[in-house]
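Quick one: structure below, then a few questions.
Letters A, B and C mark the chains in the order given here, with residues in each chain numbered from 1 onward.
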């Protein structure tokens, strides 16, 4: 049963360790969002230690936002360790479609490790399923694809739950499609809020590992509700950004359930 | 004709992609400032993809604040790609003069690629033209050099527009010198505001590529006006920093033109 | 004589350069905290320049939060240069105990360079002295160890001043133990506040090099008082974080001395 509040309460009770191998731009922000929510973030990327760190984690988040050779190798090592242990893996294919290196790396990770959820914007996800997308840097525009169908198609083709974020988010396991209608337009004015949604997806998967589709949607609802609160009183992107962590920290399970707007399509 | 407002409007209409190969300290901050202004930032540094990423960008910003071998090689590759395509390049020689490695790397980039604007503090720029400067880490003191003359001399010797920032900024192409008298002293209390000015210079060059001298000065005026707004109500460096992104986001072209204080010397 | 205010005044008068070789997560935050306090931060990690940068610095801070081979080698080079010059060195063994790589690297640095202060949480410090500790990622729980005794034991075994931070901080040189009872619980909700305490320890050591035990305790008192001010009016971790820099910037030497709660055990 969908209950972002119940999963949030489980996260805060267990304080799962979420291991991130992520990009330089958002390391601080994703760690702070994870901590404000109530989970424990850790960032580690050296080949010497990623497998051991994954070995004590409850979820792994891989993000290719500023990828390079050594980092990709470490993502493969950490991903294999997570797959072997059966812990959930989130892949954020930042900028897939913008360069061939990013597209190929995303596919390499999808093919070689057991990705649970791939979380991206419509252009990134469309690129991975071979649809037409215009990706400029890390932003994207997709023409002619209904996002719910994109999520369903991506889940089937990629063999992972697809979490496609936008004004309304769509999460699918290939059969069910959940639409999440929480959030605020100021999220799009701050770098790394997509990466934050991936990190929080890792925390929610750790909090509800048996129902990853629901957990992925609940994570987006929780971030969306926090963003709605952060926007109330913000003077623009900078104060909104600071208030977003306040919002995550202040999330109350009961209120979160009341405000969650998740619909099954 | 100088009009920071008109260039800002052009940036917001076109949303140019600004490719940054920059330092670890300011990646998030420069991306957020670029996004708040209305352009699209992207950070990518791997040799495997920098040329392709530069190939879809409208400006390239190179910043040596935390340089190392692989990063410098990628800067050279990206710079060559930008030079070949004729898109503007900003070089921020962070810490030139503090170590020989930084000074030599700045010269190597100036010599090997087509830098449009070199943006630095007086000590960094003085170092590059061989003048006496005391550079401590990334801060500097220059004795006996009038900053307008420093900018003019640097532009002539380095073969690029020189943008020398300080309490009053001076930008020169070797003949004209523009002084920019916007800003606030709290800018000096936050790490990376110089780097932000370089990133925004990239966005303004993309918005007005035919007039790079004016665009470089306009970028500093825009940041300065945003800083003036951010300081109003700030409780110190931290809240000023958050409010700086609010200020950039809220910039209005008409008001910006009224408040721009650019003077030709 | 203990006086955080006097040391703060000395820091602001001399503006010592503090060279950080630190992790990707907190680079911006530790630089901004150092700058807000009144010292000059610099981040440099390339083997080509770390020794030269350390050569102009007044303190060196090594932090293994996102360590990898090249970075560790640079820490050794910088540490040797600092040892040769006799400037203070702070080691932050982030995550020691979480992976063997981190534990071994911390010991390698302690054994090969002249560490002045090792600053960590109880689990990290306990790991380094061989006591039982549960370290999850970068968080830790230590059972059955009184923190003042842990600090004293660690100082004796590691041959460095041990600064063990928690709700009450304990700093010891192996004989004296100073307890610091400033701070606020919101510090634990923001990533990198431990790293910030290590960076500020570097600044205070530079401000009072002859009395490193006292300087290390004073640094924690200063951060604690700033945190108390930041919490007053904060809406949660995000606005607290922004206000923390305001608090450091606004620290007044006389008031700081009045509010310092350092007790010798």
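To be clear about the criterion, a contact is a pair of C-beta atoms (placed from the backbone, for glycine too) under 8 Å apart; a residue touches a chain by one contact, two chains touch by 3 or more.
None of the values given here were measured: they were computed from a predicted structure.
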item	value
Classification of the chain B:chain C interface as same or different, half of numbers criterion	different
Angle of the C-alpha superposing rotation, chain A to chain B, to the nearest 5 degrees	120
Chain B and chain C: spacing of chain centres that average the CA atoms, whole Å	32
Per-residue multi-chain contacts in chain C, two or more chains	24, 28, 241-242
Sites on chain B touched by chain A in the complex	15, 17, 19, 24, 27-28, 31-32, 35-36, 40-46, 48-49, 52-53, 56-57, 70, 230, 241-247, 249-250
Touch list for chain B against partner chain C, complex	23-26, 28-29, 65-69, 95, 98-102, 136-139, 189-192, 234-239, 241-242
